[in-house]
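Can you keep this structure in mind? I'll have questions shortly.
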Amino acid sequence: MLRRTTIHAWLMLTPALVLLFSFTHYPAVATFWHSLFSTPRGSRPARWVGIDNYVQLFGDPVFVQALWNNAIYAAATIPLSIAIALAMALWVNSRIVGRTALRMAYFTPTVLPMIAVANLWLFFYTPDYGLLDQLTARLFGWGPTNWIGTRETALGAMIAVAVWKEAGFFMIFYLAALQAIPPSLYEAASIEGASRAHVFWRVTLPLLGPTTLFVLVNAVINAFRLVDHIIVMTRGGPDNATALLLTYIYELGFRFWDTASASALTMILLAILAATAAFQFLVLERRVHYR
Amino acid sequence: MTFTRRTALAAAAATLAAPAVLRAQPVRELTFYYPIAVGGPITRIIDGYCEAFQRETGITVKPVYSGFYGETLTKAVTAIRGGSGPHFAVLLAAEIHSLRDMDILAPVEDIDNSAATKVWLSGFFPAFMANSLAEGRTWSVPFQRSTSIYFYNKAMFREAGLNPDAPPRTWAELVNAGKKLTRRNGAGGRWGVQLASNHGTAQWTFGALCNQVNHKLMNEAGTEVYFNHPRAVEAASFWRDMAYTHQITPQGVTEWATLVPSFLQGTAAMIWSTTGNLTNIRTNASFEFGVAGLPGKEAPRTVVGGGNLYIFKHANPAEREAALRFARFLTSPELAADWCIRTGYLAVRPDAWETEALKRYTAEFPPALVAKEQLPVATGELSTYENQRVYKALNDNLQALLTGSKSAQQAMADAQAEADRVLRPFRRG
Amino acid sequence: MSGSAIATAATTATLRTRIDAWALIETLAAWLLGMVWIAPLLYAAWAAIHPAGNAVSFELFAPLTFENFANAWAAAPFGRYFLNTFILVTMILAAQFVLCTLAAFAFARADFPGSGVLFALVLVQLMVTPDVLLVENYRTMSRLGLVDTILAIGLPYMASAFGIFLLRQTFKQVPVELEEAARVEGCSTMAILLRVYVPLAKPTYLAYGLVSVSFHWNNFLWPLVITNSVETRPLTVGLAVFATLDQGIDWAIISAATLMTSAPLLVGFLLFQRQFVQSFMRAGIK
């Protein structure tokens, strides 16, 4: 009996595992292997350099800056996009005026491809006649601001685009979860005379736990993966103010053809992701109550 | 992939049927990667050239339009490393040393060393060949080339009391005109001049600025750069001063992509751009505009840019020969002239400018001649080993300079130090 | 009239106005956020129907044109790209559902030696996204002779750790009694999976399906690298035509192309959202 279960399990797992190993584990191990060699160039073949590539990376100011930028990027996009998504879901789930239109508005970023949308945002951020400058000039009488061309505002501008892109998407999951909460719970709370804030913190939020975990996993991955707009709009500039780990991997690997350094940086990124993943699954999952 | 399989099948069929035909005409189809510079029109022009070539030679050339220069380079190199890939490609002319270093190119001399080919090669503008020659061999064929020129708004010139028919030719004149043209109060403001300083373009603009003080940024072998030279620092200081001292251009980074819209929108009186924009601006400008060669410290000087045709080593000898034949076809006077008229890119050979078609066009639309007239005072684009990495070293620091976080001296010293580190392995002795 | 009665009435009234004021503020905030969120789409609509010169200034009576759509449509074979994207997204989603269901079921219900280690290995892919492994995956595809096929775009994503994780989580919550009852009725393992587990996991499939479709509809880098021809390229790669900036950006034509390519998904969502939410509710009530 036990053996049959095992055979069944393996039969069911094999197709997925074959694909996973071919396109995730094998290339990841190959990447690690390549990170221990120098980049082969033309007539000079790769040679063993051990951890040299890693040592060099940590001495590379661009890498350090990208690491720091990515930390800020993650620390801003993850909570902002989740909080905004939750607010959106609560609004369109309530009896607010024009909620169908609002739901549509919130959702639009999800269906607009980043590659095209980045160019529209470029217009918003363009100095002088860009939408943002036209608005701030009319509302506050500000002069032109070079939103993505100065160090102070560039990363913030990129974060705004990422939050805009993500929040509506996450809203859908919160909305679905909110609608699945039985109305009887709210009725009970209102009979007890609980305030709206109280209901939210004591009833709604705990029930949204699994959804929040789901959304959080997505938000964390996106904080490291969602960089298309940066590649289109700034390519990490000005002076690396918007360089992130993945944009730098792309730059090292596909612009400089320094595959060895790119491999080493990939391994570092994977280590960071693995650590956050471990944290999420080991610590947070236990706190989340599944009904 | 499909190409190889199909060819193999065709070859097998032909071998069975008529071996003699196979030997006489071994190449049936070539693939090449082409960076689309604009949406529709250019792909149709190239498709048309390929069809014409097919009619003439029986060889099908299949263009793969693969994004812009950066993406095309990525795609071509990834594909070649993955064991497949195109037979030839149009890639940035300045990538010559990096591509040589990867050992994936077949120089023209290795494909066909005949006297006729040598004569053909000597018929290109020398300014364009500067990015093709290394170690005494020709590594690419100039094709989609341009020079940096500037566009100016004649109405604004008149309004500011400047002569619209005598645009600035020197830095002093540029600053003077810029001050008169710049208006910086609230809405409806405009800049005297805008230059692109984003990644991918800053080094090009800077190459022009350095040539304007008679300074070359690198040696011909692509193993050394001269960023911290006093004249390079002078060029950098001038750029910074335009933004901070004279305030005739915006502080911070200016995107290449927004230059033309800014010009058309009237928020920039002059833009440093490419000949490739001539047709675009001509169609869309609602005001009278002029075209002029970039100013210099003393007299106009500029830089060339654009893409060349590279033939790859992994193609078999017959395929390489066919690719070279296609290159000759594309650069024949009639086609080069046609290309120039329809796109605004420069015809790369003097004999193309002698064709009736191009003569008629330039007589009708004299601004088209400006770019060509700049060629004698143009320098080659910055081009070294590890080209993109050196670009990054320079551009990061130029951006630091323009955002005000580094002085010209400091920025150029840092750029030099980083470039030296990158280029160290390539210097012998 | 007693003083306390007046006071009570006054308090209630204040409370009501306060709540009303708060509701008003909230409504305004929701709408403001909505405006910001839809601004790019509204702008795209504005720019797409005006000539390039008027696309960046907002004059109410600027001339209208549909030329941008014609130009955008002519710039690339978008009809074919739509088809490719549709095939790609459908193929990936179908494969993901089948593969992930089987694997998740094995992990959720079959207790076999080494399942913990295997599951941990699967979870690795949650973070090691194929986007990061372009070069190695290209090599593999080249060896398999799959370069420039739609299958190659989809293959690295078909066995999705995310899908396996989500479904396993859902399957684990299915009461074992249900399974036992089905077994008593003589159902095979496959039948149990299809009749008991899959129907109960409907909301998860929907949620996951939405993630997957929107991801692959928008994915850019890997398709760009692995495809060469019109017959295989998805929409995003076709859109890259407009991201080529040598001649400066033309917002009018980019806007037209953006609208054209995202319209189906937008309309699809409009039609689909009610069903999505309803079936989620139905599953939730059960």
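Order of writing sets the chain letters: A, B and C. Residues in each chain are counted from 1.
To be clear about the criterion, a residue touches a chain if its C-beta (ideal position, glycine included) is under 8 Å from a C-beta of that chain, and two chains touch if they have at least 3 such contacts.
Being a predicted model, the structure only gives us computed values, none of them experimental.
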{"item": "Central chain (by mean CA position)", "value": "A"}
{"item": "B-C or A-C - the one linked by more C-beta pairs in contact", "value": "A-C"}
{"item": "Most distant chain from chain B, judged by the mean position of its C-alpha atoms", "value": "C"}
{"item": "Rounded Å distance, chain A centre to chain B centre (Cα mean)", "value": "36"}
{"item": "Inter-chain centre distance, chain A versus chain C - centres from mean C-alpha coordinates, in Å", "value": "14"}
{"item": "Chain B-chain C separation of Cα centroids, rounded to whole Å", "value": "39"}
{"item": "Shared-contact residues (touching 2 or more other chains) in chain C", "value": "56-57, 134-135, 240, 242-243, 249, 251"}
{"item": "Junction residues of chain A - those touching two or more other chains", "value": "119, 122, 129, 254"}
{"item": "Multi-chain contact sites of chain B, meaning residues that touch two or more partners", "value": "74, 78, 257-258, 261, 265"}
{"item": "Parts of chain A lying in touch with chain B, wherever the complex brings them together", "value": "41-43, 62, 119, 122, 126-129, 137-138, 141, 143-144, 146, 148-151, 234-240, 251, 254-258"}
{"item": "Complex interface listing, chain C residues touching chain B", "value": "52-53, 56-57, 71-72, 74-76, 134-135, 138-139, 141-143, 145-148, 224-225, 228-229, 237, 240-251, 253"}
{"item": "Interface residues, chain A side, partner chain C - complex", "value": "2, 5-6, 8-10, 12-13, 15-20, 22-28, 30-31, 84, 87-88, 91-92, 96-98, 101-124, 129-131, 134, 164, 167-169, 172-173, 175-176, 179-182, 214, 217-218, 221, 225, 228, 232, 246, 249-250, 253-254, 259, 266, 269-270, 273-274, 276-277, 281, 290-291"}
{"item": "Touching residues on chain B, where the partner in the complex is chain A", "value": "70, 74, 77-78, 98, 100-104, 184, 186-187, 189-191, 197-200, 250-255, 257-258, 261-262, 265, 267, 386, 388-389, 392, 395-397, 399-400, 402-403, 405"}
{"item": "Residues of chain B touching chain C in the complex", "value": "1-2, 31, 35-40, 43, 64-68, 71, 74-75, 78-79, 81-84, 256-261, 264-265, 273-274, 276-277, 280, 284, 286"}
